[in-house]
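There are structures below to look over.
In the two complexes below, chain A is the common chain; its partner is chain B in one and chain C in the other.
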Partner chain A sequence: MKLTRRDVLRFAGGSVLGALFTPIPWKLLDDSSIWTQNWSLIPPLPRGPITTKFTHCPLCSAGCTAKARCVNGVPVGLSGVPNLATRNGMLCAVGLAAHHVAYHPLRLSGPQAFTGKDDGSVLMPVTLDALLASLGPKLRAVMSSASAGAVAVLDQRPGRAMSRRYQKFLSGIPGSMYVVSPSREDGMLGTLRALSGSPCGPMGFDFENTKTVLSVGAPLLDGWGVPERMQVLFADTSASGKTLMQIESSQSRTARGATTWLPVVPGTEAALALSFANVIFREGLYPKEIERTITDFPRYRELVLRYHPHPISALTGVSPDTIVDTARKIAGSPSIVIAGADPARGPLEKSTEILVAGLNLLLGAPARSGGITLRREMPDVDAGAMPETPLHRVPDHSIGLLIMDGAEYGESFPTSLLKRKMVADGGTVVLLSPHLSARSASADYLIPTPSPFESWEEHPTPPGAAAASFSVSAPLLAPRETSVDAVRFLGLLSEAIGTGTEGSTSPEAVLRQRSDAIQSAGRGTVYAPDGAEGKPVSAFSNGDEAWQAFLDGGCWVDEPAAPARSGRFSILGTLTDDELATAARPRQREGAAITLTPTGVRAAMSSGSISPILSKIFQESDLRGNSGTALINPTTASQLGIQDGSAAVVRSRKGTLQVRLMLDPAVRPGLLQAAVGPWPNGTSGTETMDNEGVLAICEVQEDGTWRFTDVTIEKA
Partner chain B sequence: MKYRGVAFLLAGVLASLALGWFVFPMVLYRTESQPIGFNHAIHTGEANGMTCDMCHEFAEDGRFNGIPVTAKCADCHSTALGSTETEKRLIEEFITPGKEIPWKVYSRQPDNAYFSHATHVMKGKLTCEECHGPHGSSSELPTYQVNRISGYSRDIWGRNISGVPSEPWEGMKMDRCVQCHADRNKVDGCVACHK
Partner chain C sequence: MDQGTQKKSRYGMLIDLDRCNGCGACMVACAVEHNVAPAEHKATARTGVTWLRVAPMSNGGEFPATDTIYVPMPCQQCEKDTPCVAVCPQNAVDVDPATGIVGQVPQRCLGCRYCMTACPYHARYFDWWDPQWPKGMEQALNPDVAPRMRGVVEKCNFCHARLHTARTKAAAEGRESINPADYVPACVEVCPSKAIVFGDLEDATSELAQAVKHPHVFRFLEKLGTESKVYYRSDKQWVLDKAKSLQTV
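Now for the complex of A and B:
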């Protein structure tokens, strides 16, 4: 029998047909799909005993209590511990993924330095010895020459034991400056201290006992202070019996959650504050004793009486009746007025901040229950702290060498502000950070510090807290061999310049000293994270017991300060008549320009260390703005002929930015809200570390603020 | 020849069927030997009367410890309990040097599948046999066959290449989990097992 071509084809056809009735295609399909789950590029899960450790989220100043689920000692999940007595156990979305940050694609693998200062300079790996050999002479040169500027440390999380190490380091350098972030949430309390006629200790807000809070732009319900504390007190004001009034140009999340939202023309907050004071004066609603404690009372009254609600209504867009009602409400019950620094928008103008802070003095809020409390000083080992200077208040071109601490506070500021503070040739900037960020492009040297959960972290009193507090996060992961912690870096730098004052110590020892100081002071209570009742510090028989309580996730809360009479204050401070006149005038827009204002959420902006998974959710969900998006009112968009979701070019005097415009009626007409971050954080090839987004086109004003910038918008 | 075409077609079908059902499993699976023999029956039988959880124990906090560590074996086998070659090897190669036995696990699941013995045994009251069959009464370990493509044990798919279990306890694929949950009216979402 001769085999023909047709026979072969029939046999093949039969084979194919038969194969369908065998496991071959179906099993191969199943096994192949399983095979793809085991590719070597997929990291294997850790295996081992599952344990739980209490710790504190190290990503921002709130220091929320967290429960870490660990497999073989490696944290694989974080969850909050709500309803603690300390009210700091509710994790935000960023905090829930804090354990991812150690694996961030933008982590620094070792010390790096830019090859120069020109645009063509690139970042090159260097050894730590080579970096110190290069940095040491520069530091000595700045120290020895007044014209070379000052040595400064920018501490983005002041109040830590590490902050004291920085201050100790600087104290040996004449003319040095201890600089803090411009956007501190409780910056207004610093303004109040500055208005005090006598030295004044730390302050806090007694939100628990207050009745009414008037917030001028502070994002109280959007991550401000300790998020759980604010949510419990103000998210449901009908339950708490409190009133939250939000003054803001757009309907932010806080404005939406507030009892009342007062939409205000951008930049007229100072005039509105003066108008509230006008009503309080005319109706005699202020406590009479302030006439004795306010040193410039007559000048203030004369100023205020010029701001009648009717003309101010036309200026601010807030009706006269609303101004009168609001003034009566804050004067009729224990109240707090907050001038809010925003993590993206930065501080209010100096004059506005003083005038808003002055309302608290007019209401007699300092040292009053439900007002502004005087906090006790944190027990400390090193006395003689240096004065803090917010970055925007540092004299221009005065810093010759800047060390930026990598403990990011979760807020941002324009690089142009930093450059303005450096000497004319740019000086030298050293950045201590575990990863590349928008701030890296400003630095000459990058020191790779351990990542959160690899390092010993301290959580001192969070912004606005009524009592001092302290907790620590012990490392859950081993740091990389190339990491250099800040304590060691300062020690090496001291050796390099021959001062050697730092000695050999470790981050753990630094924190232990503070723990010992608290135990020695014998006051306050340590609250365990399991919700058990607190243990008085006086019940700890020695420092080891107290330290162990902190290692177990405990949080120390200080006793309230003894009642004290409010001191004497100047309500207008150093403001000149010209400054006052300017403060109460609305900002003039150029022609048909749109007003650009940056927005962002604490710890989720370009310079923040956020898990790439979350930044991807930010990118894809549109639940919040992310880098490259901007919100605009539909009416304004219609006038510009812009559709929802269309690409546009935003142009200011500082530069241009391409954004995707989204229509949002919550944004005030004429305003453009552009998100500072977050970035794709290494998940996108388009990311570069010098991409600071909207902040790059924000104009920094004379007083160092950058809240509003005139821009034009064109279709892309 | 009248049926020549049909004959070649059928020959092709038969060849495929033979290849698929008999040759393919032999090619797909590779047989690997366990590091040492083990007789479950001698431990659990009348002579010793041990229960499964005496070796495959639950920790005090409810965690399942899975395959026992060598130290557990050493509780009884610190010295040889007999003169067999296997016993001699157990003592010399593993217990004396304190080395763990690199068992090949028949029921090892992928990393993306989360399974809690504590939940199923302690709370769901499942017996070991319902999933593992008469493993505990076997006198020698079954042949360990590994899928050359997926890398998992043949016992996950089931001994029958068709995927149809010949015994109720055969196979540990997801469809069996789903069926068992459905039978007990315990319907869960994806994240119950794929966390």
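Now for the complex of A and C:
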């Protein structure tokens, strides 16, 4: 047989074709794909003994009880502890990954200081000794000169034993201020205390026994207070028999879940509150004794009688019938009216907050079951608490040296507000935080504190709670060598200025002191985290037993305060007639400007404070907007010629911001809701510090609030 | 062999859309449970990996007659002519006859993404990038679930590792079948609204089997006949109408 070239070619071609019908090419393809897929390292999984420990989520003021699943003692997962009598706990999305935060690339590696105050100054690593050597004289200079401004501590987590230490430190410095975040969820209770004619202790909301809650913008179903407490009470009102009415410009998650949503024109909440009062007055729905207990009752009545529902309806966009119905509902059952601070949008304007808080006084809510409860003071070792001043109420240009405990903690505020409170040359700002954030750029010194789960943590009474509570968490992770906890820092600073040697105590010792104080007071109950019966504090025979109960994850809940007759209050406080007149007027909008309002999720205000895995909801889906995104109503967008997902430039008097716009019919036409929160994969320190996002272009008003800013939008 | 733990089951879930408030806790819990890596720098909603994705859905009404629900969308565990199984050239996708769970074997996956194209629910995700965790965070990974490599497809498997743990426990305790309380998927466990009911559809007495009989219970894209085992419920008429009219999810 003659073998031709053609035969050879046919054989080769046939073989290739035939091979295609064998597993060989597929196997080759498969193996090569697996080889290429595996070329880089897949991390080895942790191996070792598996244990569980009770702890508490350290990311926000709720301090939800959690169970940590650990491998070799290192937490690999967190879960909530449902049905707990105290912080009835399911963790929120942020808290579920709290054990990752310690590994965040934005963590500070050591103390750092800016080289100067000008634009060209850069952040440089310094030793702690060098930092204290530079800071000490500055602190002494501010302490010794009245014109240099006051020394202040901005405590983002008030109520802790550590807070008392700050207050003790400040009490030795004349003219000093103890400042708290402007966006505290229960800030309205501070306003109510200020309206009281005589000093009164802390207050809380008796949600469990109330029937009706009227909320002015408080995100009650979106992470407020202890989220699970609110969820159980108000998410399914048909089961709980309660009514939740939400007053808000756009349909937020809370507005959507509420029994009724009152979509109000932005900035007209004060007029609406006065109109509710108008109905309550005209129909005589208020308890008559308040005529005696409210010191400025005649002035208030005269004011509210001018706010008849009909004209106010045109102003607020809420129908007269709804105004009347709502007023009757809150007057007809035990009810609470909440003026809500939002974690991103901040507090309500001063006059609005007072007028909304005043509705509680009109309804006789203080010291009444189902209303505003009086809480007992926390037993403490360090006596002499200082008054708390929210940052936005601090006089402008009055702080010469500020120690900030935490970059942000649950909620945020614009850096421009902070700058306004500092003396004209900017003064000195010391920031204690585990991570870099936009806030770091406004500090002169950065102190790297331990990350969540690396240090002893305490969880004092959550905002709005009806009774005081306390729990502690022992560290689950070893702290970094360069970390400096707040107790140590304050001790070293005191030594540097020669005012004491408080550096000798540790965070654990500070918490133990509070545990001892609770045990000595002998009141309240410690509930074990496994849901077992609580043990009365009086049953602990010594401090060691009580401390052990806390180490085992127990939570102390105070006894309710003895019922007290509601004292005398001023319902209008220090509001002048001019302030009242402007409070009830809608915002003046400039031409065709759009109204910008920030929005965000509690505890997720910046990239470094949350787990990188939160990218699932902030970057890899459209569930929550990250910094750089904004929601707009489709009608407004089409008027501006803007499509869903398109890039746009938002311009205010304060600056410009590039955003990706997303259409959402739940947003009120004319509003732009821009997200405060993590940047998509925000891992670069410089980018993070240089970019405050929407808060950088928000205008801070006279009263220190930043809810609404007029902006224009152009296609990018 | 322990016949008991091999008893035939059909696991499924019912998600109450009126209870879900879009908090995202289930998405985070799922990612932590299954060692899904944080997003790569360039990842977007299109290219990210979320075994369970909660998507907002609007009634389309004009403000203020607007309403939004949040739809948690895991793999729907299609039972009949399972689209992703049928197209996989590698046998990397299968339906476990003992549980009805649609499994995914990443080691076999070629990365051709036929299954992603075939899945009518967009419940499958491709690993476009190497999985990367910040330095040190590997020690916080779940020891029960192997991370997947770049170039493969992954998806919800009803927390299969938890089923194994429950079976091991049952076997160790000499029980014939698992205790349903021992097999609770991560998303179900963490949902603060108790919006998700999980269970065995085969067990007529289970809460799930009872709950799916409600007239307001539906499945997405029912007309495709995939007989998915993830059910939804809403008492809102617009949701029921919209679910019926959807051509794609």
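Just so it is clear, the second predicted complex is superposed on the first by the 652 of 716 C-alpha atoms of A that agree within 3 Å, B and C clash if a C-alpha of one lies under 4 Å from a C-alpha of the other, contacts with A are read in each partner's own complex, and residues count from 1 in each chain.
Here, a contact is a pair of C-beta atoms (placed from the backbone, for glycine too) under 8 Å apart; a residue touches a chain by one contact, two chains touch by 3 or more.
Everything quoted here is computed from the prediction, not taken from an experiment.
Asker: Between chain B (first) and chain C (second), which, if any, makes contact with A:74: first, second, both or neither?
Answerer: In the superposition, A:74 contacts chain C only.
Asker: Considering only touches as defined above, state whether A:665 meets chain B (first), chain C (second), both or neither.
Answerer: A:665: touches chain C, not chain B.
Asker: Look at A:416 in the shared chain and tell me whether it touches chain B only, chain C only, both, or neither; answer first, second, both or neither.
Answerer: After superposing on A, A:416 lies clear of both chain B and chain C.
Asker: So, does A:210 touch the first partner chain B, the second partner chain C, both, or neither?
Answerer: neither
Asker: Once the structures are superposed on A, label A:257 by its partner contacts, choosing first (chain B), second (chain C), both or neither.
Answerer: Only chain C; A:257 stays clear of chain B.
Asker: Should A:469 be classified as contacting the first partner (chain B), the second (chain C), both, or neither?
Answerer: Touch partners of A:469: none, neither chain B nor chain C.
Asker: More residues of chain A in touch with chain C or with chain B?
Answerer: With both complexes superposed on chain A, more residues of chain A are touched by C.
Asker: Quick check for you: in the superposed arrangement, does A:49 touch first (chain B), second (chain C), both or neither?
Answerer: Only chain B; A:49 stays clear of chain C.
Asker: Touching chain B and also chain C: which chain A residues?
Answerer: Shared contact residues on chain A: 30, 34, 37-38, 44-45, 50.
Asker: Which of the residues in chain A come into contact with chain B in the complex?
Answerer: Result: residues 1, 6-8, 10-19, 21-24, 27-28, 30-32, 34-35, 37-38, 44-45, 49-50 of chain A touch chain B.
Asker: In their shared complex, at which residues does chain C touch chain A?
Answerer: Against chain A, the touching part of chain C is residues 19, 21-25, 27-29, 31-33, 35-36, 38-41, 43-45, 47-50, 53-56, 58, 60-64, 66-68, 70, 89-90, 107-108, 110-111, 130-131, 133-143, 146-147, 149-152, 189-193.
Asker: Quick check on the complex: what are the chain A residues that touch chain C?
Answerer: Going by the criterion above, the answer is residues 26, 29-30, 33-34, 36-38, 40, 42-47, 50, 71-72, 74-77, 79-80, 90-94, 96-97, 99-100, 102-105, 221-223, 227-228, 231, 235-236, 251, 253, 256-257, 261, 263, 611-617, 619-624, 633, 635, 664-669, 680-681, 683.
Asker: Under the stated contact criterion, what part of chain B meets chain A in this complex?
Answerer: Where chain B meets chain A, its residues are 1, 4-5, 8-17, 19-21, 24-25, 28, 63, 110-112, 147, 149-152, 157, 161-163.
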